[in-house]
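Here's the structure, in structure tokens; my notes come after.
Each chain gets a letter, A, B, C and D, in the order it is written, and its residues are counted from 1.
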Amino acid sequence: MSARRKIDFYALTWRLPIIVWQLVFFVGPVLFMVALSFFLVKNYRMTEAFEFVNWQRMLTRGFFWDSYWYTLFIASLSGTIAMSVAFPAAWALAFRASDTLRRWAVFLLIIPFFTSYLVRTFSWYVILAESGVLNAMLGYIGLGPFRMLNSHFGTVVGYLTLTLPLAVILQTVTMANIDKTLIEAARNLGCKPLATIWRVVLPLSKTGFIVAALFCFILAFGDFVAPFYLGGSQEPTLPILILDTTKSGQQWPRAAVVAIMMMLTLFTVAFTAIALAYRKPKGVR
Amino acid sequence: MQGRGLNIALTLYVGLVFVFIFSPIVFSLIFSFNSQRFPTIPLGGFSTEWYVKILNDPDVWQAVRNSVIVSSSTAAIATVLGFCTAYSDFRYNFRFKGPYLALILLPPTIPLIIMALAMLAWLSRLGLSGQLWSIILAHSVLTAPFAMAIIRLRLHQMDPDLEAAAWNLGGSEWQAMRHVIVPFCAPAIVSSLCLTAAVSFDEFAVAWFVSGLNKTVPIVILEIVQGNIDPQVNAIGTFVFLTSMTLVILAQLIFISRQIKSHS
Amino acid sequence: MMKTGKKAKNQLLRRDVLRIGGGVALSAPFVGRAWAQTTDINMLAWYGHGEPDMVGAFEEANNVKFVPKYYAGGDNMLALIAQSPPGTYDIILSDGEFVQQLNAAGYIEPLEASDYPFDDMLHEDFTKFPGHWDGDTLYSMILRGGHLGVSYNTTAMSAEEASSYAGFWKPELAGKVGHFDWHLPTLGMMSLKNGNGAGLWDLSDDQWSAVQETTMSLRPQVGGFFDYGGTFNGLKNGEMLAMCGIGDWITGVLERDGAPVASVIPKEGGIQFTESYCIGKGSSKADLVKSFIQYMMSPEGQVKSAQMLAYPGFCVTKAGRKLLQEVDPAEAKRSHQIEGMANDPIALINEGRIHYRDIPQQQSLEDWNDFWSEYKNA
Amino acid sequence: MTEPLVTFRNVEKRFDDFVAVRDMTLDIHEGEFLAIMGSSGCGKTTTLRMLAGLETPTGGEIHIAGRLMNDVKPHERDTPLVWQSLALFPFLTARENVEFGLKMRGVGKDERKRRALDWLERMQISEFAERNVATLSGGQKQRVALARSLVMEPRMLLLDEPLSALDANLVIRMQGVLTRLQKELGITFVYVTHSQSEAFAMADRVVIMSQGDIAQIGAPKDIYRAPANRFVAEFVGRNNILSGKVQAVDGDGTHILTPQGAFTAQTPQTALSTGQSVSFTVSADLVSLSTTEPDAVNKAQATLISEEFIGSVVTLFCEGVDDLEFKVQMQERALMALDLEPGAPLWLSWETQNANILGER
């Protein structure tokens, strides 16, 4: 009927603006960056071109691949650490704490998001320095000084500053939403406490956990502050490589190559993770 | 049973996690009142020097002004965009809905540094870079998904008959929007405004790239960290933290008082 | 442009601040920095050059406000200019060796030589600094210089050990040698270590390979790569015990603060960084910028530059040096800017121990930069 | 007879390849209480939503008061609906909820308030007028929802399972409130429910729907006593259904041979031929029970399986030949007199006039 063909202006009002906005200010920049990776730089000026030289140059360099694998490794490592460190705390908050206490804990964990990440990083810098707060404290009990800055340790501490609160929040919320009777049922059927975690709690919170881990990975993978200020750029990560590349002589096309490689990696990881997260258990059609 | 021991251990563990999360915040506060330029242990004397310094620095004030403009505009735009998408998703099923949602939800999965690079390249090509509103454009793209998520969650709590009930009582679609959907989402809209403003207020990577000569607060912080490092960073950080927490708590209080009123 | 409403608000804020801050605020060094200016001067510079201690007095006197954008490294500077529309920057503080490229790319305006005190230079090199002139046309005015050598923590290294770049390889320094994160100064030093002397920038492929090899052998000693702030903090809190690629410009500030650090020019020779002002192409405030440069070249300006809070540099005019000795003898002494003193920077130049920083002659800057990335990743 | 208020002419509603309502033709008269009944997914709610304009028919025509309504938007109609979820606006007070429709129609502030308070008074909840609706009890919310719709003074009120969330006591009370209101106001009620007791207790006419079709339309008593087909018979419940073959049709009725024995049923209007398979029903409350063989035309043997008490009425579940289940409803008093044990052999009997042959379907 003709009524169905009529344009629904009301519906379009809510749909169109965001499409236009995101196309212009999100898809536009990302696609342009892809185009940019084929541009040339002559005398510190970018010129439009369609050459593969930037790709060839970056992808054949050892330092790019070193950075690539290092970034992948350190981001995965810190994601794993964040998830593991968060788990006992989240478990306690989800199953042992009262509702009020849990709400307060989640509220407190949101606070770090309202503080400047840079300021927190700088604070770690002072805490972890060789003559810093932590080493001074350890000194009183006759330990140290330990070298914590300008190392993988420093980088991971920085990443955790960013990801740990998120990991705890997401894990807590996920586990708090598990139907408690399922756990009681498992216990009632003779499942030991640890086995209950493994066989009941984790499978039930799979989706939430994978999403949390994915976010931890994404945040660490793209952060340049922690590896730069706390890791001392020892083995520069890809974000530092991007910064270095743009800093030195307008080499934006090459930075774009690095950025595209990062995005491809992230998409692969994200799609795999989401496929895993939403994969139905066996036997369910 | 070992329940009691386990409880103590867990309490201690949770405490440790919180210590890790909060120590940088607490130490930043302490350092901001410490007289040493390069804070070390033992601490120097108590000093408000760094606060005096930032309060007297017109650049800091300009940055605060810029940040307020940027974050409030960002919050407004992102919340409108997020609301539109959340409502479209809630109300309609249409072809290409998947890509449509991806369009708004994807930006947070792309590292800021990449967004920064892409934004600057693109905006400068369009001749839109180096302005205060370049940051606003970029930030609204980055924060809209958060607005969308919050408002979508709220709509999820809404009885889907509510909107139809408004039509049924003689309200047009626009009237239903104005008198039902928007009031119902009001708490989420305020939360979204607060959260997107807070995210924007703290974002430095994209802002630093696209801002040209305009500085926002995090850019000033970044420049101090990169340059003449001193505890002004902590002073600004504390200042910003108190401001944003006040805003959040204020928003909460307004809600609680409204709730109490409507329950009496 | 500020509107009057904003201006009124500014004054209101200031009043409040002063009331809150009370007496402390009044004695604070930055009070009096103009709050409500009408003309903005955009400055592209290394960190610190647009700070109140450098430009505050000029701002006040001329009713202008400097809006600085800071960069780190000459190629970074060129990139920033290239991506901004012409006329964005009114004044550019460039490293001496990059002036030529600025000029070649048409980013800067010519200067009138007679506006500046060329008859009062401490060294004849400064009057005809390489790249600053194109034929008889002046493009850039040299402001100051500083020498790069071995910077070290005096508790971890003796002056003896620091008198050669080989000191960086001292086993006790493993993991404690830091780098200023820019390839040019460090690779220049490595070239000097290899004995390339005055030809440090003009390397044949073999020599370049040798420099790379030498550099790579330092890698196990290296504890990190830092920007200005990181370099600063690293040396200050003992995180780094020696620093490659810097000199007195960093250690000087720390010394003033009482830290046990120093910089020396080793026997293989040192490198000089030179900072010069240029007027940005298409600037609408060229006249104001000219008077600012003149001000900075006056004895008072030269003293300000020598005392710059962010990092010091030596005076290039005789009158400047003389005034410094009068008003701040301590700083003059600390930085050896007294005739006849050991390590007087001008004397060092005369002795031929100083080489002006330059860009690679036979390789491209890109090659050097790529190697730097490789090195960081090693 | 006057023109019907609502007419459905061959109305169809499809959702993609699912047909929710098929070829529906139905008249609704001014001032009647019509119940539409069926199990979930039968199309009853879709029918109601089409009346309210919330769904557009994909075929046929709907007229209200003579006007073609197919493409008229919901807000341009005068068909207030009482929702199953009530759909009260949680951010408004009871009074503001009631005022909502008037506000949409542009009624002035004072007038709105007066009329809203009027209706709240009438629904006996005026003391809660300024309370947020979230704080009201289920029954109070129900009344607010009714007031919100009725304040519009409609010719027709639509109700979508409005009592389903209330507990049993309240349901009976609200049934009383609804029927009284409908009589007082004299307006049409279209009431959708899955509950037979609600429909039969309140409605003047009942429409029974099954899989998008109308299975039967009629007064509650007619449907109860004479279900038109097997679906209705089963749906209405408490019916014994026997199946067999027609042996003969004569003045006594139709003679049918079933595995449970030979029975006589009322001859229907449609002609039956000998040997044809048919089913007939006997309502459970019309079956008599005895321990000895009764002297009756229609009788069957069975064993007692179980009893179910609802108040003073008992339903006995018995098993006949071929495991056929018989239901017998009787007063508890009468049962006591019989003094039965489970497993006891029984005789069931009924009058020929109470055995109705079912139509096809």
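The criterion applied here is as follows: a contact is a pair of C-beta atoms (placed from the backbone, for glycine too) under 8 Å apart; a residue touches a chain by one contact, two chains touch by 3 or more.
This one's a predicted model, so the numbers in the text were calculated from it and none came from an experiment.
Q: Name whichever of A-C and A-B has more C-beta pairs touching across its two chains.
A: A-B
Q: Give me the ID of the chain with the smallest distance between its Cα centroid and the all-protein Cα centroid.
A: Closest to the centre of all protein C-alpha atoms: chain B.
Q: Taking each chain's centre as the mean of its C-alpha atoms, which one ends up farthest from the centre of chain B?
A: Ranked by distance of C-alpha centres from chain B, the top chain is D.
Q: Please tell me the distance, in whole Å, between the geometric centres of chain A and chain D computed from their C-alpha atoms.
A: 57
Q: Just curious, how far off is chain B from chain A if you go by their C-alpha centres, in Å?
A: The answer is 17 Å.
Q: Centroid of chain B to centroid of chain C, CA atoms only: how many Å?
A: 37
Q: Among the residues of chain A, which are close enough to touch at least two other chains?
A: Correct list: 129, 131-132, 229, 246.
Q: What positions in chain D touch 2 or more of the other chains?
A: none
Q: Among the residues of chain B, pick out those that touch two or more other chains and give their numbers.
A: Residues 40, 173, 225, 229.
Q: Write out the stretch or stretches of chain C touching chain A in their complex.
A: Touch residues, chain C against chain A: 72-73, 75-76, 78-79, 81-83, 101, 104-105, 175, 178, 181, 183, 222-227, 230, 233-234, 237-239, 365-366, 369-370, 373-374, 376-378.
Q: In their complex, what parts of chain B are in touch with chain A?
A: For chain B paired with chain A, touching residues are 7, 10-11, 13-14, 17-18, 20-25, 27-28, 31, 39-42, 80-81, 84-85, 87-88, 91-92, 94, 100, 103-104, 106-115, 117-119, 121-123, 125, 137-138, 140-141, 144, 173-174, 198-199, 202, 204-205, 217-218, 221-222, 225, 229, 233-234, 236-237, 240-241, 244-245, 248.
Q: What part of chain B is in contact with chain C in the complex they form?
A: 37-38, 40, 48-49, 52-53, 55-58, 61, 120, 124, 130, 212-213, 223-229
Q: For the complex, which residues does chain C have touching chain B?
A: Touch list, chain C to chain B: 10, 13, 17, 20-21, 24-25, 28, 30-31, 33-35, 42, 47-48, 51-52, 67, 69-70, 72, 83-85, 88, 227-229, 232-233, 236-237, 257, 309-310.
Q: Under the stated contact criterion, what part of chain A meets chain C in this complex?
A: Chain A reaches chain C through residues 43-46, 61-63, 66-67, 70, 125, 129-132, 147, 149-150, 228-229, 231-236, 241, 244-251.
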